[in-house]
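Heads up, the thing below is written out as structure tokens.
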Amino acid sequence: MAKKALSPEERSEKRMMILTPIVAVLLALIIGAIIIACLGKNPFEGYAAMIQGSLGDGAKLSKTLERACPLIFTGLCAAFAYKCGVFNLGGEGQFIMGGCATATCVLGLGLEGPAGLALGLLAGIVAGAIWGLLPGIMKITRGLNEMITTIMLNYVAMYFMEYIFKNVYSDNGLPKTVAIPQSARLPEVLGTHVGVILAIVLGIFTWYVIFRTSFGFKIRAVGMNPIASKVNGFPVRRLVLLAFVLSGAIAGLGGAVELLGKTPYRLADGFGSGFGFDGVAIALIAQLNPIAAIFVAFFFGVLSTGGTMMQSVIGVPTAIVEIIRGLIIIFAVAGMAAVKLPKIKAYVAARLDARAKKAEVNA
Amino acid sequence: MDFMTALPTILKAMTMGAVPILLAALGEVFSERAGLVNIGLEGVMAIGAFVGFAVGKMTGNLWVGLLAGMAAGVLVNMLYAFCTVTLCADQVVTGMAINILAPAIALFGYNLFVGSNSANATGAQMPSIAIPGLSDIPFIGNAFFNQTLLAYLAFILVPLVRYFFKHFRAGLSFRSVGENPHAAETLGINVVRMKYVACIVCGLLTAAGGAFLTLCYTPIYTDGIVMGRGFIALATVIFGRWTALGVLGASLLFGFFDGLNVALQAQFQAAPVMFFKMIPYIFTIIALIFFGSKHAGPKANGQPYFREQR
Amino acid sequence: MTELLRMENISKRFGSFYANKNVTLDVQEGEVHTLLGENGAGKSTLMNVLIGLYQPTEGKIFMHGKEVSISSPRVAVEQGIGMVHQHFMLIDDMTGLENIILGDKRHSSPLLQEDADRKAVEEIMDRYGLEIDLDEKVGEMSIGMQQRVEIMKVLFRGADLLILDEPTAVLTDLEVEGLFDIMRSLTAEGKGIVFISHKMREVMRISDRVTVLRRGETVETVRVADTTEQELADLMIGQKFVENTYKKVTDATKEEFVLKDVSFHPEIKHGGLKDVSLTIHKGEILGVAGIDGNGQTPLAEVVTGLVKPDSGKVIGPDGAEIAIFSPEAFIDAGLGNIPEDRNKMGLVGDMTIAENLVLKQTESDQFSLGHGKWLKMGEIHSYAERLREENDIRCTSVDQTARSLSGGNQQKVILARELEGHPKLLVAVYPTRGLDIGATEFIHNQIVAQRDAGCAVLLISADFDEVLKLSDRIVVLFEGQIMGTYSGANPPIKEISLAMAGK
Amino acid sequence: MSEIKKSLSAAMLDRRQAIFLGLGSMGALALAGCGGSGSSSSSSDSSSSSSSSEQSSYKVAMIMSGIITDGGWDQGHYESLKRALDSHPKWEMLEPKENTADADAATAAQTYVDQDVDLIIGNGNQFASDWAEVVADAADSHPKVHFLITNTDPTTEMTDYETLDPVETVLPDFKQTGALAGVVAGLMTKTKSIGFIGGMKLPSTLTKYSAYLAAAQKIDPSIQGQYNFEAGFTDASLGTNLTQQWIASNNVDVMWGDASAVDNGARQALEAAGADTHFDIAQPIDIVGDNQPTVVTSTVTDWMIGQAMDEIESGSFGGGKAITGNMDNGGISLGKFSDKVSKDVQDKINEYADQIKAGTFITDDEVSAIQKSL
């Protein structure tokens, strides 16, 4: 393929777009360090503990991967939907409904072995898809703003799950479901459940679908300019609906994998909580690129597992990790917006001219 | 369960539940009227709740706490304003960022403030003032006329906001910025300044809604005390048709369903209560389906305003 | 009559292009002075200089004989200059009165003084016969009343000189009469009016003097009494010797695309179609002439399947009546479409040039395996490179975003995409609007080449030169109706330009 | 002119340099990390070398889902740990791990296992299901690490554990707690209607309520009980609204809560309804005092952490034993009384308390009869 020669502005804008998340992360870590220092603790020791706690050895690495796995799914869910201009904030609800469907299917039908596993994953996908379809239909028919309907559906899903693990499949009265039978669980490879590999493969597959298929091409076109897409013969309403359904299915699969792959293999209070918003953040920082989302999700996993280690080693409140995560997103958002601003572009172009002129002078 | 005996308590829960949503929704009306959809209400309410609680506890004066909470709310919302108005960043994305950052700051502040001394954990509460005579009316008396001063102020704010948008010159300019910013610009209205003012007012009111949760509703601050009320406030603005009266009606309606949910939980103790807990959220969706058609709302709502686009 | 306004050799340069070149214009008190000129003759630039949106490169402006410098619209209002825009600057959700007093700072108190202002507005309304329902929401008002609100906004702020930019373009005949009465009562009170219009009939009836602009320069200023419509039309269009570079086809017979009595929102004069019938033959360019806003957009939308007509029939290339009105159906039936708005409708700005070039063909075997399962990026890239050479699209690389291209190059990308598929019918809507001479020339050649290859072309354009230059047959569209059909070989220019003006 | 431009672009952080700087700092952190891990592993060598029996110092860490100042579940655990530390000078406490999300529960335990903490305490049975793997790994790699999970019945809730050697649980005799509260409620209630709010529908919660109602009905059979077992632990407004409903519809005048922050809300409603006619029995810490006008007494639970520490010191800890806390070993007790409880009522309460201690006040089947009806 011919080397991509972009115009100077284009190339600089692309590089700025890649640089922004990295700078955002560094800035957030620096401010986090300042806060830790103000608390009288040694930030370097803290960050060392964070890295050691998450990547120190094989067991920790697998823990971090397993912690990042659901975030990859919800990140891909948000990224895929946003690519089509759909603000699906319902990743958490779709994730939870996926888990519920898997539990109902495996525990309800008393399935065992690989059949149970396969059916469980399938149930998760279908349930997630349906939970994504609802806001889609509301948007297509009534033009409802999907941001609010998806958030409300998150709460409905949370309480529905409560019904599942308290009243339907409760483990003799305890507020958690009976464990998934051993044979129906996701097998482990090198201490990490296969779900992680499934997530990474799905990420690469999503990249392929979005950037290398005509369906993905149309999804992107509708996301960037729905009017031009309509004029050029794309079925805009059908594509938007499909974006809802597929992003819901991805989150649903995430729920199924979390239940079938991670101890305690049960639905309980707090299953999937927080993964939705993290997914949205990951999609934004990864600028909607599925493969970048995998890395950002892994970094969030490091932040979570490492943050726990840092908290116990240097004794800072865990909210520090939350603040660092929040700062990363704010800087990334502000940075990306600033890069696009005409003023900044003009400034960058001026610098380029300066350099080009200098080159001429030297030549 | 005889509905009649439970009704006064449901109404009491209604008015209590409605106030924080009403305040946040009024703030959002200012913001959306100036064309800024602020998804970050949840975060601003969390900051208002924590700072209100902490400063109220430190100074011993709840009203100082409320003002501090409102000031903190404005600070956080200025971050939103800078990103969306000056940098023209995407409003949804910035709102989401605020929803993640602000509660984290509040939780971090709470850990520092309370530390391990549990005496700091529970704060005082604003006394509720019963208006003599009115509060004795059966059924609605206790609900509407036996409230904290902040609740009364919130309800009084509704006609004031209505009057502002109807009869104030600034009110007219506000509406024009949200509807057709270019037209407003040709008439000499400074669109960017107006949007910043909208963000300040939105920060003040939303944070006040959050502070109500810790100063009048419950004596403690917990992480996640806002419980989705920010998003419900967004929904009430839509089916309140972006008007002060509409928002009052919508938030009272939501408060009623919240009260009903608790009444059902209290009476039908053996039933699976989680379905009662779903009622307020399902109601919001259904209300949006009927009221929330996309035509309503300021025309230029949610679009960044590029001055150069003559 | 005393002099109200004098603009002395005003020039305005955008880069190397002179929008205005030493233009002189004077308006006396109590006079209606018309500014006449084709699209792009520099009228709106001159007016934007007058109301302070642009600063003149050279020249001076005098009000009541005193030199003034107008740095912003606000200063213009203070100098008593007010402009009624063609696209109204109104807030639909507010009442008439609210729109009028919006942003007005005469009262010191923060409260609106609605009663005082209402009295002042009603006094102006009576004096000039401006009938407005002040309490009705502007969104629900008739177009005529909305225009009167715009005029009141300017009068309320004490304007002595009013600029009316194409005011009659949006009015019904009855409303035009109402407007003229208002203008007469304004001039009777000593107000000056600059009237910008194309409609010869109205110019002759209402104006005292006319200044004709062509290509940014003042051709002549004449008194209406001493001239005729014909003379003004010639001055406006100039001695039009159309260099007939393109061979005209007169014998095209095979009907490719037929519209029979097609109506779409017939009640809306300037946004609808009423009983339009036209036939486009294979290997022929049918030009649709007419002033912007007379039904061109709905016609384009019907012919490209974006909207379904209220009544009437559309016959496709295969002779059968088209039932499903959707862009996909029309594209499958062999439609090529150069849409009216390049950015909004033609291109996906954030996608690369290569992607825009294959926008409609991602599922074809040429660019993907297994009907769209795997995009052949290399294939797409080399295809884009080829089209880039053939269509002289000037860009550093085909992987650049479409947004970063100039207008001309963007249009070339659209053209390359649409024509590569050898469409049976090509609809071109304002194809060269806002393009430089070179790009315009290139696009005209491509369209004619496509016609010679047997494609039926429907050219919709407000640029009269373009229609004359390209069309084998010309129809004139005025207020949603076909006024007449003329041959393209030796077009009766005078007759057509009058038909365009509504004769 | 070109001078200015040169200095301008030179001074400007060139983009390539910016990336290099970014990567460089990340690298430095990573190096520090390896250094860091070196240090912590070295510290673990030193402690494991000394023989485990008469170890000079011990470390204990507590992991909780809430915060230490929630006025209920986690604060009760924290104060029990404080009490145990006062009586065990050799023990040193690490910073408690608060706000532990369900997904991070296993990692939190693992971080303390890595630091060879002698005793890791998990507040509540949700940790029982999350720690199966951590306990299995720690059993062989870190023999010195012991786990104490509270409010968990090892026989039913830890079935998927490979080994229970390093684990013990604490199961207070909730029948006694319930009975004590029931006695106080039975004696204090005027309207013969009492209420109970539970955070989660656990078997232990059901036992508490059943004993509470059975004891109250022992004192006055006409007493009616209202209950809610799923109020969660954080939504105080729910506590307020629930209690208001019960006061209005069922004129409840005595409340007993087991839902941390939600109980705060309940007390708020009782106070609003009249502090001298409506009473609250707090749990699991003693908060009687002037800033709590409605609280008449508290049923205090001590999680027997001291006993666990003694067993670790003596080497007899582990094997999946369940330490039972009851009135004999101080696991369960009644806090001090507020001035609203008259002297003779206090005597009657103490008299009944002795009967409860002896197990003669209410029989098991009376309790299970109620429990079945829930």
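Should a chain be cited, it is by its letter among A, B, C and D, assigned in written order, with residues numbered from 1 in that chain.
Going forward, contacts are C-beta pairs under 8 Å (C-beta built on N, C-alpha and C of every residue); 3 or more make two chains touch, one makes a residue touch a chain.
Note that the structure is a prediction, hence the values are computed from the model and not measured.
Undergrad: Count how many hops through touching chains it takes, at the least, to reach subunit D starting from subunit C.
TA: Graph distance in the chain contact network comes out at 2.
Undergrad: Could you tell me which pair, A-B or A-C, is linked by more C-beta pairs in contact?
TA: Counting C-beta pairs in contact, A-B comes out ahead.
Undergrad: Between subunit B and subunit C, tell me the centre distance in angstrom, where each centre is the average of that chain's C-alpha atoms.
TA: 46
Undergrad: Whole-Å distance, subunit A centre to subunit B centre, using C-alpha means?
TA: 29
Undergrad: For subunit B versus subunit D, what separation do you get between their C-alpha means, in angstrom?
TA: 34
Undergrad: Please list all residues of subunit D that touch 2 or more other chains.
TA: Expected reply: 98-99, 230.
Undergrad: What are the residue numbers in subunit A that touch two or more other chains?
TA: 162, 166, 317, 319
Undergrad: Please list, in label order, each pair of chains that touches.
TA: All chain pairs meeting the touch criterion are A-B, A-C, A-D, B-C, B-D.
Undergrad: Could you pull out which subunit A residues touch subunit C in their complex?
TA: Touch list, subunit A to subunit C: 1-2, 4-7, 9-10, 212-215, 217-218, 220-221, 224-225, 227-235.
Undergrad: What does subunit A use to touch subunit B in their complex?
TA: 35, 87, 89, 138, 142-145, 147-149, 151-153, 155-156, 159-160, 162-163, 166-167, 277, 280-281, 284, 317, 319-320, 322-323, 325-327, 329-330, 333-334, 336-338, 340-342
Undergrad: Considering only the defined contacts, which subunit D positions touch subunit B in the complex?
TA: By the definition above, subunit D touches subunit B via 67-71, 75, 78, 98-99, 226-228, 230, 234-238, 240-242, 244-246, 248-249, 261, 264-265, 268, 272, 291, 374.
Undergrad: Subunit C touches which residues of subunit B in the complex?
TA: 167-170, 172-173, 175-176, 179-180, 182-184, 186-189, 298-299, 310
Undergrad: So in the complex, the part of subunit B that touches subunit A is made up of which residues?
TA: Answer in residue numbers: 39, 79, 82-83, 87-90, 92-94, 96-105, 107-108, 110-112, 228, 231, 234-235, 238, 272, 274-275, 277-278, 281-282, 284-285, 288-289, 292-295, 308.
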